[in-house]
Amino acid sequence: MKKSIFKMFVMATAGLVFALTGVLSASAATPKRGGILNFVVGSKIPSYDGHIESTFGMIHPIRPFYSLLFRVNPDNPADPTDFLCDVCEGSVPAGAKGGTEYTFKIRKGLQFHNGAPLNAHDVKATFDKIVFPPEGVPSNRKAMFRMVDSIVVPDDHTIVFTLKFPSGAFIPAMGMPFNFIYSKKDLDDNGYDWHKKNINGSGAFIFVEHVAGSHVSGKRNPNYHHEGKPYLDGFKAISAPKMSIRLQAIRGDRAAIEFRGFPPKARDDLVNALGDKITVQESDWNCALMFTANVRRKPFDDPRVRRALTLAVDRYEASQYLANIAIVKTVGGIVFPSHPLAATAAELEAMPGFSKDIEASRAEARALLKEAGADGIEFDFNNRGVDQPYKVVGTWLVDQWRQVGLKPIQRVQPSPQFYATLRKKHDFDVSVDFNCQSIVNPIADVTKFLCSAGNHYSGCENPKLDEIYGRLLRAESQDQQRVIMREFESEAFDTGGTALTLWWYKINPHRSYVKGWKIAPSHYLNQSLDQIWLDK
Amino acid sequence: MAKLLEVKNLTTQFFTSAGTVQAVDDVSFDVDEGETVAVVGESGCGKSVSALSILRLIPWPPGKIVGGSIHFAGRDLLALSDNEIRTVRGREISMVFQEPMTSLNPVLSIGLQLTETMEHHLGFSNDQAHQRAVELLTMVGISEPERRLSQYPHHLSGGMRQRVMIALALSCEPKLIIADEPTTALDVTIQAQILELMKDLTKQMGVALIVITHNLGVVARYADRVNVMYAGKMIEMGNARQIYHDPHHPYTLGLLASVPRMDQPRGNRLIPIEGQPPDLTHLDTGCAFRPRCRFAVDQCAVEIPSLQAVEDEHTAACWRVSEISELKVAS
Amino acid sequence: MAAIDQTIDIGDLQKPWYARLFEMVRHQPLGSAGALVVLLMVLATIFANFISPYDPEAASWKHQLSPPDANFWLGTDAFGRDILTRIIFGARTALFVGFTAAFVGATSGLVLGVASAYFGGRFDIIVQRLVDIVMAFPLIVLALAVVATLGAGTVNVIIAITIPFIPQCARVVRSSALAIREIPYVDAARALGFGHFRIIMRHMVPNVMAPYLIMLTTFVGQAILLEASLSYLGMGVQEPTPAWGLMLQGGAEEFAESAPWVPIFPGLAITLAVFGFNLFGDALRDVLDPRLRSR
Amino acid sequence: MTDTQQTSSALPADRSVAGDSFLQIRNLKMHFPVTEGAIVQRVIAQVKAVDGISFDLLKGETLGLVGESGCGKTTVGRCILQLERVTEGEIVFDGQDLTQLTQKELVPVREKIQVIFQDPYSSLNPRMKIGDMLEEPMKVHGIITDAAKRKERMRELLSVCGLDPKFADRYPHEMSGGQRQRVGIARALALDPEFIICDEAVSALDVSIQAQVINLLEDLREKFDLTYLFIAHDLSVVRHISNRVAVMYLGNLVELADGDELFNNPTHPYTRALLDAVPIPDPVVEEDREHKVIKGEVPSPMNPPSGCVFHPRCPLAVDSCRTSVPEFRELTSGHRVACTEV
Amino acid sequence: MLPTLVGAAILVFFLLRAIPGDVCEVRLAGSGLYVDEAEIELCREKLGLAKPLIAQFFDFITGYFTWDLGDSMWTGKPVTEEIGIRFPLSLQVAIMATVVAVVFAIPLGAISAIKQDTWIDYAVRTFSIAGIAMPSFWLGILIILGLLIGTQHFFGTPWMPPIDYVPLYEDPLRNLSQLIWPAVATGYRYSAVATRMTRSALLEVLREDYIRTARAKGMIEKIIINRHALKNSMLPVLTIIGIEFAFLMGGLVVTEQVFNLNGIGKLFVESVQAQDFAMTQQLVMLVVLIALLTNFVVDLIYAWLDPRIRYG
């Protein structure tokens, strides 16, 4: 049986290599025009308003209708710092006045799908809604823009953002794919709720229809501001919540691509079945799966027990095997692994739970548990009722903990109950937890590990972390940031309320005829679809 | 008179989980044209099964006719094909059943149930059959026959339904009607109505009638000849007067003694037949009545008595048939 | 003629249980096959620890998704766990969920149904209304709602499955009990001056055992299916507990093509088990009460 | 007993056969409502099963109550047993009006009034052994608390009723119909009652067995000094066993007389029709009998005819029968009839 | 009918509110992105979840009188509109499944009953019990995989049913090629239930006295079965078809998942998982209403088939 698995891997790898070279050679070819792109989306659309929603289920089908101020480079989305202008002109500006003033030039001749012109006033109205929403108007990411002091439009084609203090987090926040540019007129005439149910953007595609629960379709925007684009005549985003259906849809060519990600096993199945008809793109993913111990509860108030929990987990083995069946793979610290601020392999190995000598770690874990009088305890392990990767990783974690004699009882809850447990009821011993962001922005992202953060659920207290983080925020050079980040990381690991398992790993097998799309480290990014063409 | 129906050595068995039931065991009897023959006996004695056997209506499984012959108007009914027997059923021999409440199809109109038989057997057109159905209903004493035809069985009372059953039985002018406990489920006053009706109509149309009943009064009033059954066998046969006034089988004797009679003053104690009826799956050798018989002798345990002549047309299946008169007096 | 004309005599219904069992085997080949499946499941449940070759819950990464071979007769799943072992232990979960839900549901229904029939009047009307309301919900919808309220997990799944069974059984039992209430022995008991409790427990309940037992066996099958459906929807029994429905969920479906053994064998196990219980129940119905229909 | 005598003086007592009047039924009505509606029930009609009857039962007698199906005779029995809550009227037994008693107060009365049902198949709990069935009432009523003595008494009851004591370990289905009916009788005797209601007690039995049971009932009456209300539709049986006979038609009593008097000299046209309809098991007698058949069928008790309920079928009916209800008058001593035309 | 609906409304309303957590948590925090607690509170306020339960219940009930069934808490669109999009699909699958069921069930059940205890009977019974025993989602998985693998094996390119819905009147072929599979997957179980009922009902009717009467009249077997027996035995079959139809509308939950059908079953699971109370309660009420209406229709047909009820 080993042989057949081996064979499968060989074939899969061969297909992958072939496919990757295919992409490279094809991207050099001249894009063909026309065709409809069918793709599957595994989540559903709450509303069309990017400013208040946060699910990729909305981004994938709706983002193509809108433009952003600027966006990740579609041809190099893997680089978290490579931004290109969308409605702005030229390159994304660096901060003036000590990094507190950013001036954007807006392209001329832009227009919304309804024919109305798009200028700096519309951009201001958009960011006013996001950054300074009136009382009672929701804006999901308002907190990301705390540094913004004012937004001014000196002329129709210029917009100036003034910051209260310089922040490395500003540009990434501005580049988030949720910041759809709305028309000022729409906002003025129809109020702030209008965009929940209506679409009037300036993106590559014009909204055609949305059959709730079934699909969204769009057609080519002839007046799109990136010349010659989009190549496609239109797209159809088909809702398919079950992963097996999404997989089968690509297999049966009901869809050409899925933009979130499949586990490796699914990729191998597709490549096995369809060979060179399938192209695979892979990337690290800016999401980390973690577990959080509830410090309010005994015996998890004891740091030894929390440390034992993380020591028991063999991340390297999981990276090899669990990675076959789940969308997680990369062993990493609190920073996105391919980011310059991330810990190196050697640095990582020195951290508790990241040692390559798992036997030693587990022995230590057992000793710690014994010491704390918690060996062999049964505890409640809260998990989220979503297969990938939560339930798969959860099952793996249960197995890992059992190996040091613990007896976790997995309690899987649908998302609302899961969140209620995590955020309000705190009635868990250990819970699955995760951090998943669109733009790679480590300095913002690591706030998750602050005991004082709103999205930190262990209930720990560690003012030292806040102090370190304060220094991190003000650090000027990347080297400085890196040093402070290491300090922060090791303090967070010592506190041990929230521990990392693996970072996600994004694998997008798609029909080889889909060209021009590049994988990004987040399933939120690079979804304007304007550079995609079909080689059919 | 010519024999209309001649049943010879009829044996019907039921193959149940508890064993083989000898429901009808080597039974022979005959019916003349136009006469009324009664088959009398208590529950489970095989009288209904023998009636159903004549038209081969025993459901298989579990029941099966395993031997004998039934000659009717020159044909052996047991030798007919399934199609041929169907031309006999309802056309030449028809039946009236015990339960008027369940014997008519509840979801089909009275009219349909009446006319389909005539259309099937007599090739009547719809109109002809309808016409005839009206006549038949009038004949059995149902008022407003036209309206009744479009009604359903549940609109009618038990007595009315039994009248419809009789109309149904008469519809193709058969030569023989088998009435299986036709009045058992009815009240006495209605019972009298129905019996009188049957008697009048069969006389009038010259139809022979087999009445199957446990009611000795009904038999006394209506039957020309009487066949008494016990444990699947015919144990005594004769005309009504012979059976009632000169019974020659201890069972018949006992039966008559155990019936309270309305025309006799109270006070005389009844003389019951002691013991319980036998289990037909486990019959001992010898006479089935022996365990309850006051006159049993050793021979009764060994050999089953066959029907022996008492006088003309009067037979009884008892080893002591010749002594019975004296024994009767002695007890 | 009663004994002969009706092939099922009342006497047959009242034979002692061993006689009925024997008859069942003889006359119900399908039913006996069902009984055999049930028996196998019970044995698997009892002796799971002795007959299964591996630990049902421990992951074994080196054997991830091995196809069936001499070591793993039915192959392994995504975590390298032996599928045969998990099916054997899954029988335990299935039977535990099935029997508990069926027993509690049917028994509560029995008590409710008999009481409702015996007391009649306002009590009966109110019970019937409640039964109507609960019965108007499709089984799976009700179960989903209950699981959503209580959370997933074995015990909650049992509760979720039990609740819709209660009115189902109550309704069937009530109609039988209504018939029994009209039978003279209940009047005889009342004429003898017995109390309500005695009449219900000694004279009515034992005589609605036939529909009760039939409902019970059908419920076990239904519960196994329902548990599988709930687990498939991710709202049933949770990992790493071995459960058949759970084995079909998630990875099983996604990797079905290259590892067909993962979804096929647990599916077969469910089908076979429910098949067995249904055949068994059918046969039981034929033996106990040919006229009772399943609803 | 003085009270009883006073009440019964309203009706001329006929004690030609037996002792004192010990059960008085006065104007008994049992109407069953026919209802409609989901929660709030509306009564849309009344089934007048028993519609105002009065009679006395005398100590030690057997009163036969005959009539066709649906005439209400069984309901009368159930009312006396308090298995139904009567709509109106009094049932006086031992000086107490049973209709006014609570369930608790009824318990001692139930020891004295017992019942034997028609169907020997269904009147015994199929899941209980015969012995348990007989012991249960003694246990519940605390008559014999000692288990061994109770067993003793149970065996005695079985043999009194002509059953082998070894039947105690059997279930009802292991017995024949006649044996089952004997068990039913034994159970009725378990509490040592004074009064037994035989509700079609022998109707379901075959002739040969029926005679056995009738004899048994007669013997027991002698032995235990019982009083019977013998409800049946079979006139021959009623005639055989009863001292007095009452005839019911559509919820009303139409005639009541001494047994011989009633059968020899039936007065009410319905009684006459009934007697005419019964065939006599003797072909010679039958040949000479006149077979008068009464027309029509029994109307629905939900909507009984006005006036005399029998008038639509009555050969003697006159106009007044349609409007006025005939009085249940005394024709000769102890012979009462509800008809104006005889 | 009305008391049942009111009872169901009360039950579902309070049952849902007993579930911890709410739609705002999932919507805003569900993706793991950072979210401000105040935003979640704002969301609750907007959806009316902050109001006292009784007030919410009052709104829910008064909605029926003003025909305002509320807006989905997830999409903000009117519940009626959301359900309206999904309902035709589920109805179509349910009807197709019913047709599949009836077309197979009645002849199979009849043959099985007529040939009782022969190998045909055993085969039909085995087939039908298998239909009841097999989880319909498993059958669905096998069907999809079978189609994919089969078509690739025989035609070279894998084919699977469409995964997005097109109404029948727009593109009948595409519509049917999508819906026939779930109809078969659910119809199998459905037909199995109906087959068994047909068989047992017919067996029972064939034992009835009036069938003996018909035989005694000399009617041929075919007429006896078709005219005398089938009509009577259809009564319980009809009941079971009605019950199953009502259950199917609710029970499509699992099948719709397997085939990615955008029907009310899938909507139900989604709205339960998202704690979309407004949607969930109306869906449940819809299913209950369908169950009651189906009962009502069954009663009507019953009355038409059975004269005892028609005039009774």
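Per-chain numbering from 1; labels A, B, C, D and E assigned in written order.
The working rule: contacts are C-beta pairs under 8 Å (C-beta built on N, C-alpha and C of every residue); 3 or more make two chains touch, one makes a residue touch a chain.
Because the structure is predicted, anything quoted here is derived from the model rather than measured.
Enquirer: Within the chain touch network, how many edges lie on the shortest path between chain C and chain D?
Expert: 1
Enquirer: What chains do chain D and chain E have as common neighbours?
Expert: Touches both chain D and chain E: B, C.
Enquirer: Once you find the CA centre of chain C and the CA centre of chain E, what distance in Å lies between them?
Expert: 22
Enquirer: How many Å are there between the centre of chain A and the centre of chain E, using C-alpha atoms for each centre?
Expert: 38
Enquirer: Chain A to chain B: how many Å between their CA centres?
Expert: Comparing mean C-alpha positions, chain B is 90 Å from chain A.
Enquirer: In whole angstrom, how far does the Cα centroid of chain A sit from the Cα centroid of chain D?
Expert: Taking the average C-alpha coordinate of chain A and of chain D, the gap between them is 88 Å.
Enquirer: List, in ascending order, every residue of chain E touching at least 2 other chains.
Expert: Within chain E, residues 3, 19, 141, 145, 148, 257, 272-273 contact more than one other chain.
Enquirer: For chain D, jot down the residues that touch at least 2 other chains.
Expert: Chain D, residues with two or more chain partners: 38-39.
Enquirer: On chain C, where are the residues touching two or more other chains?
Expert: 129, 148, 253, 256-257
Enquirer: Using the touch rule from the top, collect the residues of chain C that touch chain A in their complex.
Expert: The touching residues are 57-59, 61, 63-67, 69, 71-72, 78-80, 148, 151-153, 234-235, 238-240, 249-251, 253-258.
Enquirer: Looking at the complex, which residues from chain A come into contact with chain C?
Expert: Residues 1-2, 4-5, 8, 242-244, 247, 263, 265-266, 268-269, 272-273, 317, 320-322, 324-325, 383, 385-388, 391-392, 394-396, 398-399, 402, 410-414, 417 of chain A touch chain C in their complex.
Enquirer: Mind listing the chain B positions that touch chain E in their complex?
Expert: 55, 57, 59, 61, 83, 86-91, 94-95, 97, 99, 102-109, 116-117, 120-121, 152, 154-155, 165, 168
Enquirer: Which stretch or stretches of chain D touch chain C in the complex?
Expert: Those in contact with chain C are residues 38-39, 41, 78, 81, 83, 106-107, 110-111, 113-115, 117-119, 121-128, 136-137, 140-141, 171-173, 184, 187, 190-191.
Enquirer: In the complex formed with chain D, which residues of chain C make contact?
Expert: 10-11, 13-15, 125-126, 129, 183-185, 187-195, 198, 202-203, 206-207, 209
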